[in-house]
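The next block holds one structure in the form of structure tokens; read it before the comments.
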């Protein structure tokens, strides 16, 4: 994209917004257009950006800026991937009684993030049904943990928690069905309403893993410590989160990261992707009752885990990202070993894949199940392999290159059928692409330092950063503060994909539900949100706790 | 009674707010390179079948009641294995508003409610290596000895 | 790569058997054999009580507060709680005297949580004017070695030092009031 | 008289050996699967350790305790009785009609299906419903195969089978019985009733401690019975003596167990709407072949 066309696009946005609100303030920094509008004009501006300019909502967030400006602020972040642009719309809200207009009827995807802002900051949204989303049951109504006057370690009524045990609706008696059921792994759960063996409705219950990460990053920690916190948002795709965070700060502070550090980041990111996809393929095989497939996928994956440990010092949560660069270098010896491991893994993996797809049950049960048509996929704006399995060709690594991805050449596998098999094949192909990418990166690894020298992070700068996690695009938004982020917001890919499950599951056999749920590779540690639908006439309730960041 | 359990340890895994890293390492401990099954470990799907609960994560308020219910469902003798730094000491979020800060806090709550547990094992690691889980199983089985001990050392000026 | 789509390749269910035969048994017999660990693994840290000066730089850097600084009865304790450590080794990066060493130790399981505590106790220097303890003796030695001229005022804690400076300033200006 | 004495001794020793060896065979199955997974697997006595451990656990409260305990013990008694009856019937040529065996097995299967229903757990009930669908197909095929067996061989006694001439149709019938046996054992792809990911091992989910121990053990005995019957039917005509036939079957049993284990490791799990249909197709083809062969070689 040339400079001229960017200017042109920007002018289009600014003119459009000026025509709605002539006094709108705007600022263009990095790849992000920041606009301030009053709350009365918010809905019109949203409509313009979302409907006229065909952007999609990345996320929205509230922020307590009373100590700075005497107001609450509400940010809506929109994305324009065709031009690689982010548009941040800021609205000031009353410091005493923050009330904002909802945009949920214009942008359905704003449902969860509005409710999250309500829970965490006490911002009320007019014109929609409001409910508790994030905080546990029994949490005091007027206590909003993300407000700056609330300490991060406040623990109201810890003893009251025990009283919240609700007896199960059916005669399941003492069995803790629900969050900790069959396919282990993660405590979020789905209630599948079934008639006979057919799923008639789905209800997702979540937020068991809400750990107060954003508040922690804004209060107890400093810039460098947050890297380690971000990595622990998710234990499977954690490095994406820490990279995304580090990039956001680097963008906001305009820090020049050495090329070598960028390469190392990309290499580790791709290693993480291979591990994540192999893990998922193994679990998918297990869900189909094919344990041999599970074991061998994880056997091959073990080489990657050992390689990750050899390169970074830990099998998972690698802990090598810092704002400004990385902590561990890749020397010639490591490079050689990495290539050896990759060769072996590629060979074993190709063979394994043949074996897996030869099993009749795997093919039969993955084909034509859990179908997500392309139109639905586009409407719900799903991301990652879920989108690519439904024929949407989008990948942040290629569309908005970050780290060292603009130095490599790779394919983005896309399948059109939208069923579980398509999503399986997308991941299967991506493993091979990732191996290809790592080879290229190792080959071109530039010389130089791995850490930027002496930099300062100025206050009150903001940036949006994107990264392609194994499950889709990851978004971090940051406002810098004194020694630590003033506001830090994370949007994980699973957030975008979960609503698609309803489409995939309805009317499908119960036996396919675990695979279908797993097929979006949900990562609840990252997501932590709730999807609520109306309970319809269902005879039996089966609660299924599928975990999985796929696992 | 618990002698018999040493030969056959059925475990039920609860994620109580962990980041998944420990959880995938638990699964990894069952896979070919580590094969916990050779030590009699089996991952079961209901706490009613279990002998030991594998807890990962700092125990969020939202998951606490469910954890307590799961512990109650395990027939005695029952054990708890606190896996990973989050479960042992609350980890990086040991003092945030939405967690209780690890298994030691959970044990206090259990004690108040009169729920007995026959043994608790702490396995630090972030995440735990699969070998660390196998090591803990070895201690539970009595074939290994613990290596760590509280240390207080004086720095002599 | 994409021309040879694995989905289309012909194969039977016996392929798995072939892989199994070719691979053989891969299990490491840990704990009876060596673990699957590389030299780069970050395990528990080890504080060298001979070198540690008790400055607390590691405590400030530690993301999960596994390292804590506790002061009581004229003693300062650096408390390392292994059970909360995330093994990031940031403390090793920031230690000014290289007193912290990383190990590959992961065999840390125990049935008693107190086993996971490691404390280094430092004696502290008392302020020559107000008597409150404010730094460790080792820290004082370190500072004097690094910056010899500090000997004159190192005995006072920062509060008393400021007081002294301010009083001196006031005196010079002819004032008699004492800074409180 | 002396022969009867030997027979009685043989019956007793085979039954005790079988009852002891069945959990070991299960451990071997786990080891075989582990080998295909490229790992070591559990020790050879692991299933015994598991059962012993389960009996050492405290009993916790369950819904419908009376019904559950009643059906559970009925199930265990019936599995042990059926296998005892089978071995006795093979050796002792008195009231040993195949019909009695069929009736016993029918009651056994019915108890097996009823058990999860009385635990009134939604997972168990879904599991049981699936089992019913599968058993309906399988059990009927078992009846037909046994009936044809009686018809073709002209014998209604198990102990007479070693003295008949094996026709091709007879051998195909034996093959059908092998498939019935495999399906009854709940192995992949027919483990739909115990599907762990979607219904938490279905029928097992409510049982705990010693009750689970009883169920696990009884289930193993039942599985042994369903392997023993086809083996005996297949090899009996080639041995010429019921004592040899029994001993050979007992020797073949572990081998068959290992083969089944290996097979199960190569398949995934089928689905409740697919499995019975594909089974039906398979069985109809095999039955047609049987009848054609019978007519051709008559």
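To keep things simple, chains are lettered A, B, C and D as they appear, and every chain counts its residues starting from 1.
Here is the rule we go by: contacts are C-beta pairs under 8 Å (C-beta built on N, C-alpha and C of every residue); 3 or more make two chains touch, one makes a residue touch a chain.
Every value quoted in this text rests on a predicted model; they were computed, and no experiment measured them.
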Point to revise | Contact-richer chain pair (by C-beta pairs counted) among B-C and B-D | key: B-C
Exercise for review: Can you check how far apart subunit B and subunit C are, centre to centre, with Cα atoms defining each centre and the answer in Å?
Suggested key: 25
Exercise for review: Report the inter-chain centroid distance for subunit B and subunit D in whole angstrom, where each centroid is the mean of the CA atoms.
Suggested key: 38
Review point. Centre to centre, by mean C-alpha position, how many angstrom separate subunit C and subunit D?
Key: 61
Practice item. Give, as an integer number of Å, the spacing between the C-alpha centres of subunit C and subunit A. Key: 32
Study note, to complete from the structure: Where subunit A touches two or more other chains at once, the residues are 174-175, 181-182, 220, 228-229, 232, 292-293, 295-296, 299, 302, 314, 317, 359-360
Exercise for review: Would you give the residues of subunit D that are in contact with at least 2 other chains, written as numbers and ranges?
Suggested key: 36-40, 60, 196, 200-201, 205-206, 265-267
Study note, to complete from the structure: Shared-interface residues of subunit B (touching two or more other chains) are 31-33, 35, 38, 45-46, 48, 73, 91-92, 95, 126, 129
Check your understanding: Considering only which chains touch which, how would you classify the arrangement: line, ring, star, complete or other?
Key -> complete
Exercise for review: Report the residues of subunit A in contact with subunit D in the complex, numbered from low to high.
Suggested key: 170-175, 177, 181-183, 194, 197, 285-293, 295-296, 299, 359-362, 364-365, 509-514, 540-542, 544, 546
Review point. Across the complex, what residues on subunit A touch subunit C?
Key: 220-221, 224-225, 228-229, 232, 292-293, 296, 299, 302, 306, 309-314, 317, 319, 327-328, 350-355, 357-360, 411, 413, 421, 425, 428-429, 432-433, 436
Exercise for review: Sort out for me which residues of subunit D touch subunit B in the complex.
Suggested key: 30, 34, 37-43, 46, 49-50, 52-53, 56-60, 196, 200-201, 204-209, 212
Point to revise | Sites on subunit B touched by subunit D in the complex | key: 1, 4-5, 7-8, 10, 31-33, 35, 37-38, 40, 42, 44-46, 48-49, 51, 73, 75-77
Study note, to complete from the structure: Within their complex, subunit B touches subunit A through residues 12-25, 27-28, 31-33, 43, 45-48, 57-58, 60-66, 68-70, 72-73, 91-93, 95-100, 109, 112-113, 126-127, 129
